[in-house]
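Both complexes shown next keep chain A, but they swap its partner, so chain B is in the first and chain C is in the second.
After this line comes the complex of A and B, so read on.
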């Protein structure tokens, strides 16, 4: 560190803090821990309090400030004192005053410990120099359907350049094939025309949008803000781009797999084939060229079926209602039967459903299809069970339409299945021989759909979740994928209708625009939006174990031939998973490192065994666990005073050496509290929580070697809505520690 | 379930049902709220959802062959609670109204009763016949009809003998015609609602009649509690009035012709028990009819009544009203008005009786038969309570 740290310590006595802890004692303690100046104030966040700190900074040339008061999640503006001063926040309100017995000995100890830890954090934290860059802010939009068209327009509307790449020779995608679309405006009764023609015209007329048709992407090289894009097909241009919207759309579910629903029999077709027929020659039976007197629709043909598409394709019910309406209007003598599991026509589309249903020639009923047979050579007979009749029913029809579902174009046959197998039989990489296990780090993009052709070490395409959707699927971040600054929009993200696809396009395009802005300023995109820290790799000590490159959920790191990581800061989300992964501990952030956390936990005085005051560390994820505790504190729930909390960026950033340090320093136990992992993960960094669980195996091995009880280190998963459980989780942990007794290494 | 129904939609039937008062039937989205609130519904008989699906799909034969249709007393619990305003209660009423037409023999009578434009012609027939009775019996001396005061001699204007001829003769014919329709109905029940082996016809008949006489099903109606009182009064009032007429014929004509000493001279007057029965019955009919009409008309009535409902209800209420009025006018001694009202009374009585199989009056036959069938094959919808 170029300049010696000079720390100012400020204790807030407002918000009931002053009546719960001895502020004077805290000031004395802060002084003894090395603060150059120590003051208290009854409302530090007030203009007067802030002014006091600012005056001290100027007068005493302070370069670090520790504010002991409320949670670091609030009053961030008030306690920012410019580039030259780093602020640390000791949370003695939510972690102490609000949740512990006022003026108790243990409460005072907790407050002193939090102030001490923060002083030690500040002693070891260095300035961050934001990676401000001159980048290209062009938004690359992949796919020229409604989602892509709207994305390009939205990006251009925000002032960015956009490049639209469409593999077909014409823009418009599926929407150009639809004869009519279901209503888009009140009274939601009648069929409408799609506005795709207008969208195409607007895109073509917009001079901020460059359109390539008949082309696909040969290669995307580099990192966000600096992508080098190369096309193939009609155009082989190369250009720069800053961020990407993937609007690659969908394909119909392969009807050849629906032979159990009659596909392959005479006069059985899919909803897409019906649409194409209505759009070309009109309603005709393949067998005799005549208009059928009856048309039946089987809904959920393949969708909501564990053997086919386990999800609801969202639009098929309305598509069948639309086709029914079209047929009834154009062919009044033709009856339409709609056979459904559940008819889903959400929102205002209920009105459309009602309107179609009123037609006396449209017949709807519920049931599960158990048999589809050819009847008289050219007709079809469908038998349903679980009907509303209390008995099976048979419907006979001249023509059968299978309302088949949507599959994202990122889905590649067999990939999801292979990925499942891989996860189960994954072998430990040779480099991880010391016992750390390799977690499944997402669908291997080598097997991907070859749409983006990223030159990332982790694969050429976006990792997908189990149904083949590239959305990283965390509820707070729609459009987010597992690759930074690449966003998914429209049906490639989730099955949806045209209106939803346009809304989706706005969302994803604006995310893409925002990403270019943040990256240009050297800032992280969500979920640590605005974070300017970056991981530093001390490569001289790298052993090329590749754990960081493998475990980064965002494909940030490439490798040279020897396996040394090559960083790409603009791909990084600053989660610190690489830091948690590195056995050599060569990855660190200026304000968050193995060393800083180690110093913090070592700074505390651990009570002697005979004091009968256990001491445990809780590493809490900043994303859900820490806010949960704040909520619990706001409800004045009681938190065990023997717990000391250290926030972590993600459980995945937790380096196991902290646990070793904690236990060898006499802490009786360590609990990790983070987000849920698994299929329905809530981890904000996709894999962090899962990796932490994997690493716990390794920790348990170590505990065995040290002849320590397994119960001393636990991991707990918590979602924000479970905030009320936090006190119990901590109490239970302390109970477990009481059972196994004090750490035998205490005092060594 | 072993049975399988082939769905063959009949669009014509759907249109007819809509015309008969079921114009909301397509609105149903089969959520089963109706079955949840209906006291006739059970786990194996999700009534009336299944019947709503059958209506929507125009499954005429299945629907007409379903005795459940007649189990419904149109309490309107379903209509009141339907989230789609599909009015299942009205739809079932329309199915029943359609049934009167469908099973009608001769068929044109069914159509005529269902069509409000035919009402004048239908009224004209008994009006002409009774005018004939009046003219035939009076042999030119009509002066007594036009007196403003004096004795009202009803039997002189409309001799009991002639009326009995019309009553008995007409009824025989009508019952024969009705029987044809009811046979068709029974055949449909057997074909489309096969049941288990039940208690046999006679016990089923007794159980059905008991149920009908006590009106206990009406008591299950949540939305229309008043109908228990209204219908009970009307039902027993009508039976009482018919019994009064029967006793009168027996005591004044049959016993006279037999020379029995118990012979009573016409007209029978209070405090003779026969007359008491007549007066009480008349009051019951008027009171019951008033309740039913008022409640059907009130703004918060849970359902809408069809032409078939109103036609029958007003006819039977006017029968009671004119009957009672006739008695009062006879006591008051106002011949000219008394004869006129009595004439109207008789026209309406014969309208009711002669057209019974084709009008809503037919529910008396169809419901009874359906109940007997349902009980005999053990598919009577068990009540929830």
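After this line comes the complex of A and C, so read on.
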């Protein structure tokens, strides 16, 4: 620290604080804790209050300010005093005055404790120097279908260079095989032409876009802003890239698995085969080359089926409507049957469905297919049950189309879920051993579809959700990704139609371009967007235990041969999970560290056993649990005065040494309150709350060794909307502590 | 961002109209992309429709969780300027060079407000709370969690009421300013994203379904409020007529949707919304029977898992057939007649509460939109508007939250670059 810290302490007496606590006593206490100057005001956030602080900063050369008043979530602008002054907020309104008995001895102690802790936070917090760097802002787009073409155009439109890599020799992907596409505008009656030809032309004419066809990615090495990309195939070029859009598309579900629906029989084909047929010469039966008099479509062929694809591919209903429409227009004598479970034509496409329905030559009916047989060698007979007619229906047709679903190209047979390290037990993909030189990717390199071939310790590809889609897990944040600056777009991330894929590509391109902007400025991307802090690793003390490299949900850290972490600041999301993981406490941020929190909790005076005032610490997730307490406070719910709250970036950043420190300093217990974990996790850092739960098992072991009751350390899940439960959660915890009695280490 | 000293002229890159999840997303994504964005919202709070939702399908997570992150992204980014209580009055110019005139309505409360609650405590004026669809009362001065800035809100209809003086007198911080007048602000910008969202279809128009006629017929958006901790019943789902418990509940899908007399399109989300609400009911009443009347259950993609889960639930019954008619019985229960759409066969079920799954109507259908921004027959924005204005979210098509956010993210590039579709 170049300059010594000089702290100003400011206590607000407004908003009932002054009538709940003794402000004079707080001022005296702040002074004794080392504040150079201490003042109170009846409304610190008022223009006058803010001016008072500013004048002191100028006159006294303060470089730290502690504002004791309302929650740090509000009045942020008022209490920002520029780059040279770090502000700490002691929440004596929502954490004390509004939620505790006014003028009670315990209330006063709570207020004093929050001010003390904040002073100690400020004493130990240092300036952040943003890692501003010259980076490469090229967007690498993997996949040359509609999603990839549009992503490249959108990125180039934003002013970035783009490189498009397509494994086939031609651009355009599946869309080039489609005869027509869904109607695009009201009245949703006539089929439209796809714009893929235009997209290809535009991409080829754009001098900011470099295209490689017949090539795939051999290796992506490094970190966002500084990726080294090596190709294989037609080109073996190498180049730099800043961010990546994965638009690797989809493949049709393997129809050979659909023999129960007649695949393999004469004149039975898939929807993709029908499309290719319509696009190359028209409707003909394979058996005799004649145009069929009737065509039946079986919807959800292998989809919404636990034996095959449990999900819905979202487009197949409309594809069959489209093919029906095309057939009826071109072959008016051909009768069409569409046999479905639920007809899914969302939004305005309902009008398209209506229009097709009105054609008497299209018979749409609901039912479950129970039998598909060959009839007369070339016809097909289908039997349906659970129909709306109360009896089974039999359809005989000249041709049968199976509306089969879409499988993302990231899906690997036998690997249901690739969630980083969880997939270690999964099978090896069959095609991995093709003799190609593989990227040097470390532990779980053999997993994944090997499309990106990232040289990340945690795997070669984007981690995927169920069914192999590298989709976002978050409803609010569909572009959230577990690999910083790498975004999925189009059908690889979720089944969708062409218009949605193109739209998705715009979004992914924006995120890719945005990531390069933020990273160049040394800023974190979502969810801590704009955060300039970075974890420092004091590697001299590293014991190569690999916990940090294993636990980082974002694959930030690789390892050298010895197992020492190799940091990649541009992959980092600043959640602090590595800091929570490290048993040697060598990871720290300038404004958030094991040391800072340790000093805060040690700064408090713990009541003696005979005072009969238990003291517990609550580490609360600042994203959800902490705001929910603010809401509870706004409702003036009562919070137990024996609890002291310390916000954490994520429960995953909680280092167990804090628990040890708390217990050895005489706290009677520690409660961790964070987000839901499990399949529907709500943790914004994916694994943080889950890791905290895992670490708790070790904590319980330790407690046992120290002959301490396991009730002393608890973990609790709470979502932001469950604010009304907070008082009870804390009261129950204090009850448990009362039952087990004071911490026997108190006073030692 | 350049803001004139008086605050009435702003120069920015992007103007985003509408502060719901789509608009917030567009403004935040633009600002994190290094562009200056002005976000305007006509209500005094952000969050639009989603802030009125209790949970999202299929994760059953609360919208406030993501909104909290978004609020933080706004508060810590000086490239975003948020103006609430603000509407567009005029747009001139074209893509690359717009001049937009905004009207900012008086807030009557200034930044001195500390949200200390004293004014609300003494306020004697109580009015129907529109946020909760009038299911409860609020004061004429009140607080919303998503208020922006985080200040109290004065109801403009009552600030001149003699009884309102007590609120003003209770304020220790000089936060009331009842002389405030509407203000005109001009924004010079390069692109405009229109994200004014949607409103629920007016269920009162569905006369065969009894809404407004029978106490115990409610809509899906109302059930969200009944299920929310901050809602009128503190999260308890009960019968509006008597606060009674639910033994059997009916969900009527496509209430007014896929119906040429009402909304011919499918709103795309109501099936998943009802499945989600079935889970709310299931959690509160483990023994209650849940009956869902539908034409097609539409759960695309991985939402199918969500449907499968409820299909295997022995307390949830799916009936294929459109809810044709609802009648009240003696004890304020309801008799749902459902028609099998193909056979014409009618079935009847008696339930304690009916939830109508009504669809989404774009606000643009009734908003005043700047010239040369054509809409389709139902009020959704058509692509490639000559005005260069780019729609986002439900302004473009009826979609769920994730698709709205996706759309809003892409809209930033469409609005600010020559590439658009």
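Simple rule for what comes next: the second predicted complex is superposed on the first by the 693 of 748 C-alpha atoms of A that agree within 3 Å, B and C clash if a C-alpha of one lies under 4 Å from a C-alpha of the other, contacts with A are read in each partner's own complex, and residues count from 1 in each chain.
Criterion: a contact is a pair of C-beta atoms (placed from the backbone, for glycine too) under 8 Å apart; a residue touches a chain by one contact, two chains touch by 3 or more.
Since the model is a prediction, treat every value here as computed from it, not as a measurement.
On the shared subunit chain A, the superposed partners chain B and chain C overlap sterically. Of the two partner chains placed by superposition, chain B and chain C are both touched by A:366.
Touch criterion met: A:396 reaches chain B, while chain C stays clear of it. After overlaying the two complexes on the shared chain, residue contacts for A:343 are found with chain B and with chain C alike.
In the superposition on chain A, contact of A:388 is made with both chain B and chain C. Applying the stated contact rule after C-alpha superposition, one finds that A:504 touches chain C and leaves chain B untouched. By the document's definition of touching, of the two partners only chain C reaches A:157; chain B does not.
Of the two partner chains placed around the shared chain by superposition, chain B is the only one that A:335 touches, whereas chain C remains out of contact. In the superposed model, C is the one of chain B and chain C that contacts more residues of chain A. In the superposed model, A:358 lies in contact with chain B only, and not with chain C. With the contact threshold set out at the top, residues 343, 354, 365-366, 388-390 of chain A are in contact with chain B in one structure and with chain C in the other. Here chain B touches chain A in the complex through residues 1-9, 11, 14-15, 18, 26-27, 29-30, 32, 44-46, 49-50, 53, 56-57, 84, going by the rule given at the top. Partner chain A is touched in their complex by these residues of chain C: 21, 28-29, 32-34, 54-56, 58-73, 75-77, 111-112, 114-117, 143, 145, 150, 172-173, 228-229, 234-235, 258, 264-268, 296-305, 308, 320, 340-343, 376-378, 380, 382, 397-403, 405-407, 409-414, 416-419, 421.
Listing the residues of chain A that touch chain C in their complex gives 14-16, 42-43, 45-46, 70, 73-78, 153-154, 156-159, 185-186, 304, 306, 310-314, 342-351, 354, 365-366, 388-390, 465-467, 469, 471-472, 474-479, 494-496, 500, 502-507, 509-511, 513-514, 517-518, 525-527, 529-530, 623-624, 627, 631, 634, 636, 675-676, 680, 682, 684, 719-724. Note for the complex: chain A touches chain B at residues 335, 337, 343, 353-354, 357-361, 363-366, 383, 388-396.
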